[in-house]
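First the structure, which I've put down as structure tokens, then a few questions once you've had a look.
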Amino acid sequence: MANHLYEKGLEIRKVVIGEEFVEKAIKNANDFNQPLQELVTEYCWGKIWAREGLSMKTRSMLNLAMLTALNRPDEMKIHVRGALTNGVTKEEIKEIYLQTAIYCGLPAAIDSFKLAQQVFDELEVDE
Amino acid sequence: MANHLYEKGLEIRKVVIGEEFVEKAIKNANDFNQPLQELVTEYCWGKIWAREGLSMKTRSMLNLAMLTALNRPDEMKIHVRGALTNGVTKEEIKEIYLQTAIYCGLPAAIDSFKLAQQVFDELEVDE
Amino acid sequence: MANHLYEKGLEIRKVVIGEEFVEKAIKNANDFNQPLQELVTEYCWGKIWAREGLSMKTRSMLNLAMLTALNRPDEMKIHVRGALTNGVTKEEIKEIYLQTAIYCGLPAAIDSFKLAQQVFDELEVDE
Amino acid sequence: MANHLYEKGLEIRKVVIGEEFVEKAIKNANDFNQPLQELVTEYCWGKIWAREGLSMKTRSMLNLAMLTALNRPDEMKIHVRGALTNGVTKEEIKEIYLQTAIYCGLPAAIDSFKLAQQVFDELEVDE
Amino acid sequence: MANHLYEKGLEIRKVVIGEEFVEKAIKNANDFNQPLQELVTEYCWGKIWAREGLSMKTRSMLNLAMLTALNRPDEMKIHVRGALTNGVTKEEIKEIYLQTAIYCGLPAAIDSFKLAQQVFDELEVDE
Amino acid sequence: MANHLYEKGLEIRKVVIGEEFVEKAIKNANDFNQPLQELVTEYCWGKIWAREGLSMKTRSMLNLAMLTALNRPDEMKIHVRGALTNGVTKEEIKEIYLQTAIYCGLPAAIDSFKLAQQVFDELEVDE
């Protein structure tokens, strides 16, 4: 398991998503979901997020837009936290979601605003 | 029709999408699609794209990601052109679409790569 | 095959979609798609469209909205024709699609406006 | 903020969604989601729902169909209430959802039936 | 109600989804959702699942893949149980979901892994 | 580039999708889409299709179901060819698509039937 892609991915994943969250995901991995943990760590984080062509901040912004379209609340909350870590401001999250209202429709944007608010409340993020 | 929001939207829309394209869309508007032209110009361009919280370049990047998830080829081609106009490089478009491969799935990313290539060919965009 | 549901469905399907279109679909059916033709005729037309709780006009309107969300151009064009047959006016189609712009996003609505315009042009529908 | 579109939208929104719900949404608005509240009120309600080409009842019916396709449970529950207010009967909601089963698939329809039942239970709606 | 399609569908539905679950769904049916229960039993189970061209196990596998793409958590949990009943192993469910990661995107696959784990925990399924 | 995963993926990809098709895709790769070609070959084919837990035939069947839900015509046609190569019969493709009619809705299934028929016509596949 301990290959280069996995190691690099693990490092970036911890920076963006949080060491505690990632440690827990790995510790809780069982025979059933272990290959998913590897796939996520290697491909998503080691292969794509590790690429240099876009800043981590931009990648986080893209994810907030995509996850609104994809309708995946759990991942959205994880990536709102990641976005804050990567320097996306609350103001910018607002702008991203307003733009999703136009392209993905209002119900999608409304859901994203609610999910982000939950994360802000959990993290006690002020303006 | 000639309200402030419409005028502001029209100006931005022409800058991003191209004067020729927009003039044609407006000239071809008929009773059926005229209110759509207004909604697009006012709501999408005058209300959202006109906001200051994100750069035009960032807004274009978000659109390339969202339109991949939303599966709308015609709009994608229009916004690939717009992205180039707004300073998104071919390298950056590549990075955005690689990231969509992870989150939206490979078939979505493959379609977007093909559509962008068509635009590059039409515009004779080199590296 | 010649059961009651199929017969009832066939009749309604011909009224809404057009006798010529349906005859052709049935004549062109082969071993591969024959069970689909039956499912469509019985389940969609004989079972649901035959129900009395909504007018045919309302059912057509719902379809224009749903097919915008579902992103299925071929079916949309068929159901724009069906909607006209069922008494949905060009004005009402415009209103339906404007409403989809809000809920499904602008790219979805733009595509539907284009598809309906194609049908109007093919049928030489004036205001 | 107090422009014509916003005022008109606010009025219609209160009629359809309920005064209590809307007052609460506006009171709870903060710097983060305030522009969303405005966008919803002005564009969705002031611009589209205010149009005369379709009855409020028909607009509600379209929403029940679209939101089934779009898979947005929170908005669905709000619009089931709105539909009842706009005169859509429980019988008609049943018919709309049965039609979504055909076009959006059974899992989508099953979810909508469950969500509407929750609203009926909350509102103690009988036949 | 007691037609051949319904009877055949009811039998298969009980085998796959579980007698207790189906009895409860039918007992809880009211005027509102009764026609949905019939549609599900007759068309989904009596018409399609009853066909001989694919094994029940293969049909269950297809559902796990489709429901991942369709993003319907309640139906997914029901069909994870059904898949186990139809002989799909935990190992095979893992493989199916890993494949969805590629085609539907990682967030879709992550959600499915979580939902299946919940079912395994509820049923105390070991390796 | 010439790593183990890429080599293994390339081999499987050629078997399933066809040597000619894959050679052409690789020869036509340019700076823009080269990393996509690698991602597809390594991640999709070398990492997932290479896994032993499911037969190639089953993987092809899952793809036909998923791609119906995902609404990606180009990929569908490629994977209908791949399915035939992997031993999925025309009869089984019919059964898979009939099942998608129930879960993804009729318009999705109708599109898939049409796309597969195009492939059969191109390949002159008889019963």
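The first chain written gets the first letter, and so on, giving A, B, C, D, E and F; residue counts start at 1 in each chain.
Here is the rule we use: a contact is a pair of C-beta atoms (placed from the backbone, for glycine too) under 8 Å apart; a residue touches a chain by one contact, two chains touch by 3 or more.
Going by UniProt, the chains are A, B, C, D, E, F = Carboxymuconolactone decarboxylase family protein.
Everything quoted here is computed from the prediction, not taken from an experiment.
Annotation of subunit A and subunit E: jointly contacted by B, C, D, F, touch as defined at the top.
Distance from the centre of subunit C peaks at A, each centre being the average of the chain's Cα atoms. Farthest from subunit F, judged by the mean position of CA atoms in each chain, is D.
In this assembly, the C-alpha centroid of subunit A lies 24 Å from the C-alpha centroid of subunit B. Note on chain placement: the centre of subunit C and the centre of subunit F lie 30 Å apart, centres being C-alpha means. Separating the CA-averaged centres of subunit B and subunit E is a span of 40 Å. Multi-chain contact residues of subunit D, defined as those touching 2 or more other chains: 39, 43-44, 67, 70-71, 94, 98, 101-108. Against subunit E, the residues of subunit C that register as touching in their complex are 39, 43, 47.
Only residues 102-108 of subunit B touch subunit E when the two sit together in their complex. The residues of subunit C lying in touch with subunit B in their complex are 71, 90, 93-94, 97-98, 101, 105-111, 113-114, 116-117, 120, 127. Residues 43-44, 48, 51, 53-54, 58-59, 61-63, 65-70, 91-92, 94-96, 98-104 of subunit F touch subunit E in their complex. Of all the residues in subunit C, the ones that touch subunit F in their complex are 31-33, 35-36, 39-40, 43-44, 67, 70-72, 74-75.
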